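In what comes next, chain A is part of two complexes: it sits with chain B in the first one and with chain C in the second one.
Then we have the complex of A and B:
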């Protein structure tokens, strides 16, 4: 059963966050191990497995990037596993320049500006994905998803840099 | 007769209807612990005779013998510092490597050679004791308090742990509960419990933050409350930051001031403990006023000290700033703006410090919620959850893993398998492959933490997957699966998948207790039960022996003439022996003497029976005969 089916949701790129929460909470009400504390061990084991599967589905579908990667996977787009080096020269260049800028950012405000720009890039890339899925352009989907993954990682690095700068200032 | 039933965890039989014991909520704190019970959705902390809800988390093994917990133990700590221990929670599940980080800070004497491969042990009251044993004493005391207050057996509990507690510390907490004879219904994260206490009472909805600054740990968590669902969005903290650090800062200043005043002294454990006690007092007073003073007397030399609130605030500013850094990171993790937080719940006695309150209010942009006593709020929430789990409440707690879990890969790099803030329970797997041609084994090293390098993370377990069929490097597919249960406890398994030769190895964290350690502790805790049992068997043997002596006496009175004088003498000797045995304490001797006497009296009994038969033939009724034979 795929993650969408498990939560009774349509397999779509755009997902109503409230609907996802409702479906997830309802399913957890049924399967969370806390509901099975006084039940026999087999039932508890089953509940634990079901709850874990629900959590996995929720974790993936809640995050727009992870959801897009998952949906692409269902449609046969193979993504390299996380942590592999970037194989797209354009993206490699963009990433190197952004990292350099982050490294040179000397104040929390400068970091914030960089983070805001990458957030905008992320929003734009996500918005463009819908058309690519409609066209079934697997190569373009893959390229966009790799870029999104990188932007996401960049956001985290920016946060770390910001924390360090603040600590130095304090 | 079944005295004690020991079950595998998770296989406890259902309690019989109507005789279910009560389930309590326990906040096993670094500085203080609290036990509470909820009935019909309203929780209350259980007090001692003096009306106190807080039990200081201090355990003492005084010279005079026995074990003391709480206020009494704190008194022993002053008199006999080497026989008492406080803040043991900081060492739950910790090994030697962790200790280096706090070396020289903790006033404990660590058992030499301990904690290399297992949990560290302390030398207290002249004996090596593990944090699990010591924590179990606190839990036993809380259980006793609850049983006294409720007048019912208490065998089940929800115990809270800091969200930031790692796997080893959670396992250690569960182990301590087992040693104390408590079945843990669920380990609940402290901030979640605190929100539970607030949320259920007030029916709040939206995103709430919980800022928990206790004696030894700090946590910041974001939770979403919605129609009875408590969803933990993100959590973070520092397992070695708390009010104890504030005390230490003041205590250092006190001792510095004495040095400056020219008092030459050797600072020993007792001195540190006295200085800390005064420091804590001064800290508490500074929550109420701007200036405080105190008198410290060490080895007969007194000194006088004053401290202004502003000075105190300067001393702790760095610690408080660190808590705010952590809070900001948690907000970022949950992609939540501080302004979106509807309220912040304060937990832990250290949140009474005014600087903490103003800084937290500044971060969130609104005053903090303080209507529930910050010392009791966690236990109250735990009690509510205990009631919900046993009575089928409608609340649902959706918790997350506080720290990422991963594996060591080539070059000491961590490959994360379960990222932090993943909802639990969770089962996630990742595939790895062999590095060398013909490699038949793979070392699996499980770590916990956010850093990229293994050396900076916490090592949880190591094991080896062997029996991998020899193939070229990169051809094997080793699937390593991580399962975290609803208590936040981890199990790791590994198997090789290409050849169908599946091997599974289940591991438990290396700092958890070994099976033997656990067994030893269980036996230790059973010592008393065993003594009770011995006494009971002795009593039963005496009762039985007295009954047969009485029967024999009656028979002798009736038919003593059937015996020759020397036979009578032997029988009397046997009776004397049994009577002496009954007066003694040796159950085996009583039983042996009773058996011997029975053998000696056998010919007498047979003769009585023969005579009974002759009498019957002489005209007694069959009914009378049977009743005589039956005697």
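Then we have the complex of A and C:
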């Protein structure tokens, strides 16, 4: 059963966050271990398996990028696994230049400006995915998802860099 | 997790950080990434008229093991022919730096980077030969 089906939600890129929460908490109550304390071991085991699968589903669907990667996977778009490398020049050049700019950013404000631009890129890329999914353009979906991975990594690095700069200032 | 002294040395004192002129005919550039961890690595070689790699530079944004792996490769390839440099295996890098199993992929990135740099250099050299032939 895929994550969407498990939560009784349509397999879509855009999910209503409130609907996702409701579906998750309702299902989680249904399989809560407390309700199975007095049940036979096989039912208890089933409940704990279901609860774990629900947590997985929720974790993936809650995050827009993880959700998009997962949905793409359901539609046959393969992402490189751990330890696999890519050599797409546009994508890597963009990532390299962004990281260099972040490395050179000398104030929390400079980091914020870079982070804001990267966030805009991320929003635009996520918005553009909808059309690519409709068209079923797997190559473009894959490229956009890889780009989103790098933008997400950039956001993480920017937070770290900002903390360091603020500490130096203090 | 304990890291080896060699790894820490390359991480704390990386060799050959920087860039070479990407558009120069005698420079090959390899740009590779590991999307799973968001690492990106650029490795460049400059090949002399004698066919030996006379300079190598790298720029890596990633974890310590990725930085150490690329630093080590730039050190290893200097003075080698590109054919020799091409035989560098990620397992050699991982063994030399005693990379822990979860960091083996960083050595894969470095092997792919040097291979990509060599491929770029060869593509340029072939193009140069063709242009020369066409002119003759």
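What we mean here is this: the second predicted complex is superposed on the first by the 155 of 170 C-alpha atoms of A that agree within 3 Å, B and C clash if a C-alpha of one lies under 4 Å from a C-alpha of the other, contacts with A are read in each partner's own complex, and residues count from 1 in each chain.
The rule is simple: a contact is a pair of C-beta atoms (placed from the backbone, for glycine too) under 8 Å apart; a residue touches a chain by one contact, two chains touch by 3 or more.
Values in this document were obtained by computation on a predicted structure and should not be read as measured data.
In the superposition on chain A, A:46 makes contact with neither chain B nor chain C. After overlaying the two complexes on the shared chain, residue contacts for A:28 are found with chain B alone; chain C is out of touch. In the superposition on chain A, A:152 makes contact with chain C only, while chain B stays out of contact range. By the touch criterion stated above, A:96 is placed in contact with chain C alone, chain B being left untouched. Of the two partner chains placed by the overlay, neither chain B nor chain C lies in contact with A:119. Within the superposed three-chain model, A:138 lies out of touch with both chain B and chain C [touch as defined at top].
Once the two complexes are laid over each other on the shared chain, residue contacts for A:80 go to chain C alone; chain B is not touched.
Residues common to the contacts of chain A with chain B and with chain C across the two structures: 83. Considering their complex, residues 21, 25, 28-29, 32-34, 37-38, 41, 44, 48-49, 51-53, 55-56, 58-59, 83, 159, 163, 166-167, 170 of chain A touch chain B.
Looking at the complex, you find that chain B touches chain A at residues 10-11, 14-15, 185-186, 226-227, 229, 231, 318, 321, 325, 328-329, 332, 388-390, 396-398, 415, 422-428, 483, 485-486.
Those residues of chain A whose C-beta lies close enough to touch chain C in the complex are 79-89, 91-93, 95-96, 99-100, 103, 146, 149-150, 152-154, 156-157.
Residue ranges on chain C touching chain A, taken from their complex, read 30-38, 40, 42, 59, 61, 104-105, 108-109, 112, 116.
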